[in-house]
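Order of writing sets the chain letters: A, B, C and D. Residues in each chain are counted from 1.
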Amino acid sequence: MNLSLLILVPLLTAVAVLLGNGLKQIRAIAFIGSLVQLGLAANLLYVFLQSKGAGNTAPMLFEYNASWFAPLHINYHVGVDGISIAMILLTSLIVVAGILVSWSMEKLSKEYFFLLVLLSMGAYGFFISLDLFTLFFFLEIAVIPKFLLIGIWGSGNKTNSAMKLALMLMAGSALVFVGLMGIFYNTHTFDIMEIAKMQIPLQVQLFFFPFAFLGFGIFAALFPFHTWVPDGHASAPTAASMFLAGISMKLGGYGCLRVATYLMPEAAHSYSWIIILLATIAIIYGAFATMMQTDLKYINAYSSISHCGFVILGIGMLTKTSINGAVIQMVSHGLMTALFFAAIGMIYSRTHTRMVAQLGGLLKVMPFIATTFVIAGLCSLGLPGFSGFVAEMTVFMGSWQNADGMYRLATIISAASIVVTAVYILRATGKSIMGPIHQEHEVLLDATWNEKLAAILLITGIVIIGMAPFLITNLIGPSTDNLMLQIGKAITLK
Amino acid sequence: MSQGPLIPILLVSTGLFFIGMYGLFTRRNMITMLMAIELMLNSVNINFVAFNKYLFPEKLNGLFFSLFIITIAAAEAAVAIAIIINLYRSHQSIDVDDATEMKY
Amino acid sequence: MMINNFFILLRQELLISAIIFILLFIKLGKDRSNESILHVINLLLCLNFAAGFIPMLEGELFNSMFATSKLVVLEKNILNLTIWIISMQSYAWLKTHQHVIEFYILLLTSLLGMFFLISSGNLLMFYLGLEMSTIPLAAAANFDLTKRQSSEAAFKLIISSAFSSSLLLLGISFIYGSTSTLIFSEIPMHLIYSPLQIFAFILLVSGFAFKISAVPFHLWTADVYEGAPVAVTAFLSVVSKAAVLFTFTALLYKVFTPMASIWYAILILLSLATILIGNLFALRQDNLKRFLAFSSIAQLGFILIGISGSSQQGFSSLVYFIIIYVFSNLAAFGVISLVSAVTGKENMNDFKGFYKNNPILSWVLTIALFSLAGVPPTAGFFGKLFLLMAGAANGNYWIIAFAALNMVISFYYYLKVVKAIFMDENEAPMQTIAIPTYPKVAMLICVAGIILTSFVTFIYDYIQSLSISL
Amino acid sequence: MSNYAYVLWIPLLPLLTFVVLGIFGRKYFKTSAGIIGTASLLAAAILSFNTAYHYFLVDGKVNGVFQKIIALQYTWLSFSPGVSVDMGIVIDPISVMMLMVVTSVSLMVHLFSLGYMKGEERFATYYAFLSLFTFSMLGLILSVNIFQVYIFWELVGASSFLLIGYYFSKPSAVAAAKKAFIVTRFADLGFLMGILILGFYGGTLDIGLLIQKLTSNTSPEFINITSASFLGASMLTWGLTLVFMGGAGKSAMFPLHIWLPDAMEGPTPVSALIHAATMVVAGVYLVARLFPIFSMDPTSLTIVTYVGAFSAFLAAVIACTQTDIKRVLAYSTMSQIGYMMFALGISKQGGEEGLGYMASMFHLFTHAFFKSLLFLGAGAVIHMVHSNEMKDMGGLRKLMPITHLSFLIACLAIAGIPPFAGFFSKEEILMAAFHSNKIIYGVALFTAAMTSFYMFRLYFSIFWSKEAAHHDHHHGEGTWSMKLPLVILSICAVGVGMIPFSSFVTSDGVALETHTDLMFSLAPVSLTIIAISLAAYLYKTQNQKPDQLATAWGGIYKAAYKKFYIDEVYLFITKKIIFPFIGQPIAWVDKNIVDGFVQSSATVTAKISSSIKGLQSGKIQSYTLYFFGGIIALSLLFIYIWK
């Protein structure tokens, strides 16, 4: 299958959106476009599994390599493995859901949907790129739409949040760029697969790994560079928050894995203790900070910090299982947090408040939305049957295999966060969903069909992973094996 | 060939140059500033001529260069004065400190 | 032989002078309406630009005073395009101006000077070109004859440029004195690390630095940009800067190769200072022209980093960036000149809620700013990153890191404008502004350039192939 | 040996019910939900009894030893070679025994709820949750893999959360649900750690393999795990103790018991099912499941013993003072589970030594019936009186004869009066305690006496005491569907004691010869009788004696009444320590320091830029001066310094 379609379709959709007029037409176009993307992703999965089943053991499938800036060794090189496919599926799901929840976006709807689609294009491109420059290109494409989405359609202190988010992400990509330069001038290629074959000198790695990792880390809300997350998420319109937490933060995690760790494994190995330290802090710190929040969106945003900590932790532990876990956690957190934001958005659009204290007993009047919220919450606190459990347990298992005492401690501390998670999730649920209802909320209505569809879509994803994790492990397993070959080399080298 | 008087000549020209620069820095009157610049240009002329005469007499590069400098200096002065006049129309003064509207 | 050679090699210069003469004749004849004159001029400029694509040979004239090559031709074509766009953009302003023809004569003369500057093979020719390009600009800067600021800007320009050229001349005279020659090709073999030569070189560099407004020789820039008419500002910030940069780079790479270690260090110092100061000042500007002045200073810092890198890639990335910079900067100036011509407003606050009534202009301005900031998918992204890549070739990654982080600062002030346009509330936003045809075309060209330059890859390959010949 | 794969249907049926009722219940099965749920559970119950029949009486035994049969197993999530989470079904004495208990009790509760929950607005949801719980519990029982246990463990907790919080608009219910979930979650953290440790050293998560590897003194795994030590205790001890921590959380052992009394906020049938018969004994079941490993590590077993014994005693003391009947029952549950725990603790693996194990399972078995009976009875009473408080009751024996009778039977059973079920099981426990550890025996004996005292205190003050205050008897004693379970369970409460339990369920699967010896049972029974008569003397008729007694005991009574202030301690730790000293500081740091840094970086830049604006003075002469200065600087640098 031709991967470029994944970029082409959003592009065409965006153009079509610009040409369309009237909310009805535009959202229809966007929706159809997103459905096509979903279809593409599904088809991609199908053909991928087929050719894997046919015994194709190539690290990357469906590769396409065309020269872009030949003198600078910049190619348009795309290809997928299990991990990227998981990410692509996640993206397409969230895109559909996001467009569904912003079904009645009256204000500047054309620009709004255009930017949403553009954002999704950046994500797709990022996940399929095998050329560092292209990858970086798409990484940055995904920044500006966020700025505009938050700044124009946001709520609260939106411009400040938008500015903070854009600048911090830009700083992140600046660091990434330096890292790329270092890699490029020591290998004279941007091609990830090529570089993986080569051996970057240890000194070089030690110098450039921090740039690359921190750079992507900022995208993945690595402590202490996470402060864009709460404000950004809180101010963003619902769909934007879903994209932000569901997709963009995954760009960071994926980059940390695919670029920083995969290409500079020795450095990753020698720096792993710092990574793990930061991740552990992020996890527990995020969890406790969440406990103190009173705004639903802030609660979810901070919990995202804590959950993305697991991704970093999994990567930092450098065992196959833990990296598997990191990937699963990316997918799971993407779906879960998107669902959470969707539910919050639905509640907010009805009650016009996100303050836990001002809500209550919503289960009575809007059972569907409330149930969605509860499901998201249970997934977030890692209840079996939902994806969160699988992801976290895999990370713990993997981390635990790392027999070093300090790493053990880190694992235990991170595992302890599940209790705190339970505390804040149940507080939020207990106050806003359960308990006595405010009489002014008595008259509110339950979800509309599009909201229901969006929620069901995401829940399905969550439940599938939660009920049948072997599906996703089978998908990403071989790819993580490839990663591990590289990393294993590094660790044995030392 | 002898380059005996070259050094003193260069000293003179340098002196001239810095006198001009000093004038440019200190004078308040625009016309005077313009004259100061002319001084600097002329000192450069002296340089060229002197180099040409005492170092490379076989070619006339320096001389020609100084000729061109003179011409251009004239053109420059013409435009500058035109501008100053126009500025005087709007400012009613040719004190350089009055022409500091745009700053920071 | 000599004669037709003369006609071929000087073709572009001759075309420009021809246009100048045509204008003079028009001036002599009975006076026509500004519109008709502008139609003619824009047509001529368009033809002039088109003529640039006719292939022509390389060679030298006036015993190597004048040299041209494919690369030089390309550079001149870029300038041709630029002046055409500028003239189309300033349509709205010139329509009501009483000295249209003079204005064009000044601009074209200065352009002619730049052509000679670019293809100069001799310090004398170089000096002539430089002055020829500067003096008319000073006059042009004063072209809002009634505005105080305009004449103040012109005064500052002429004085400081005269001062810089006198220092430049001093440098040239020292070089002449210490190398016995003015011909570029002969200078290198006489270069020795004598303090005099270093001093002369520094003077020379300062002359260039003044023209391209690198810190600390940049101080005139902001005031002149603010005071001068938008068209002239655009010309200053794009055309003259581009021309001087081409020459400067060629000079560094070809003539002062023996001094590479020194000018490399100088460029790094200048670029760091320039980026930082430019950003810091741009942060707090309210007048858009002034803002663009400082932003262009910051841009220059990146260019210097690019130049400081390995020669070939450095040069190609420079030319590439200039092309993109032309489009982006002119797109921005186009919008601003239109707005200021119609409403006379140039301040950021006036642009609050601009999107409400002028979506198209807003998008053009936004895209331009993003391109200047270096955000994909605009071409500015590639231009800037290629410069940094060229700079990184020497392995000075800390400087790259510094520059990359400064990109974040620059990002802030570009986004500030976007924020004003899209997000800030304004109870009385600017009224809808009708876009005449010429500016529309100009903006179209610019936006197309911004979007497409990076995806039409042969542009870069072509430049690369040319700059090998360097 | 027949194929037990069909056992899969036993958990599956409730799951299906849950899915159907959960998704469509609110719309389509608003009233029929109860029937559906009950029917499917009935089927499950029949299946499980069939299984029991086959296993125990037909083909479970291979040359005198009950086999452990893996009926079904597939890899659910594979971590790394060897270490994987498998879903499967294990058939062995305890799992089959639990199957019977869970399905039958659950069936009774389903039945009872038909009447009890009639007319509830979220009737269907209620049954959906009930089925969800049943499914999770059955899954837990049948687990082959310790991680599978953990998974269903969590699910059980979640469904208990949902059921406790069933009356979601009642803040106290919500609070109780939260408390239950969070406390058990905290315990589960220990469980998880235990799993990680055992799994890491055992190199597998499969219970069978784990036992096999960690019970032979020679296997490398065993040597590793015992040689590796942390804070002086071997990793084996750590692993097991942490696992036990999980068990203690679910089974409400001290100090993790605080959630159980509050959990009574849920509907009474739910308390009967979850917080009396099934979920709360999961901890006991877990320890029993891993007992072979526990038996290799005396330390952890001792911990189990003492925690169990202390909980039993403490709960009994508190129960004597409570006035909310459900809370009394809750504490008695806790105390009985304590019994089971220390019975396990004092037991050994295999043979005569394994008496405690068998006894504990036996008590679990019998306790399930009479305790659920007690709860259902209490439910019926509350249904009538609309109150949980003793003082609102009294003299109900005339109004609700069946309930009265069944309640009495249950009380006798729990008190351990022969020939009621409780007698036999408790007897075995005491016997085991007597043979292994005299202190424990003493405690157990005393606790037994107290048990019978508070149970009859309860009984008398509900059914005798003052004359029946005339409540609205609109629906008398409730529907047949409420009475039937009472009857059935009372029959069980009488009957199940007679089952020769020891010949079926033992630590090593070999039938165990047990003999009730009258001399031995003399002491406990006589003590029990004394206690009962004391209770009768105090509470049979309404009088001042109890209050006088209470005042006489003074502080101790108050302390016991206040549950020894354990809740307050927890509240203090959370509200007064964690929130203000960890949560708020972190939130503050994040807001002011981490984010403050980001913000300030912006403001600082702005400051710098405004502080250097003087450079651009607008004076042409200063410009030229800077220009010249630049040249001078460069020249100095490159002519003199650089070189």
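Structural remarks
Methods note: a residue touches a chain if its C-beta (ideal position, glycine included) is under 8 Å from a C-beta of that chain, and two chains touch if they have at least 3 such contacts.
Predicted model only: the values in this text are computed from it and were never measured.
Between C-D and B-D, more C-beta contact pairs are found at C-D. One simple way to say how far apart two chains are is to compare their mean CA positions; for chain C and chain D this gives 78 Å. Between the CA-based centres of chain B and chain D the separation comes to 98 Å, rounded to the whole angstrom.
Chain centres here are Cα averages; for chain A and chain D they lie 36 Å apart. One inter-chain figure worth recording: chain A and chain B are separated by 65 Å, centre to centre, where each centre is the mean of the chain's CA atoms. For chain A, the set of residues touching two or more other chains reads 167.
Looking at chain C, one finds that residues 155-156, 159, 163, 167, 222-223, 284, 412 touch two or more other chains. Those residues of chain D in touch with two or more other chains are numbered 602, 613, 616, 618, 620, 624, 628. All chain pairs that touch, listed by label, are A-C, A-D, B-C, B-D, C-D.
The touching residues of chain C, counted against chain B in their complex, run 123-124, 127-128, 131, 135-136, 138-139, 142, 145-149, 151-156, 158-159, 162-163, 166-167, 169-170, 172-174, 176-177, 180-182, 222-223, 226-227, 284, 290. Only residues 155-156, 159-160, 163-164, 167, 195, 198-199, 202-203, 205-206, 209-210, 216-217, 219-220, 222-223, 262, 265-266, 269, 277, 280-281, 283-284, 409, 412 of chain C touch chain D when the two sit together in their complex.
The residues of chain B lying in touch with chain D in their complex are 21, 24-26, 33, 96-97, 99-104. Residues 313, 316, 370, 375-377, 381-382, 385-386, 388-389, 392-393, 395, 397, 400-401, 404-405, 407-408, 411-412, 415, 418-419, 422-424, 457, 460-461, 464 of chain C are the ones that touch chain A when the two sit in their complex. Contacts from chain B toward chain C in the complex involve residues 17, 20, 24, 30, 33-34, 37, 40-41, 43-44, 47-48, 51, 55-56, 61-62, 64-65, 68-69, 72, 75-76, 79-80, 82-84, 86-87, 89-91, 99-104.
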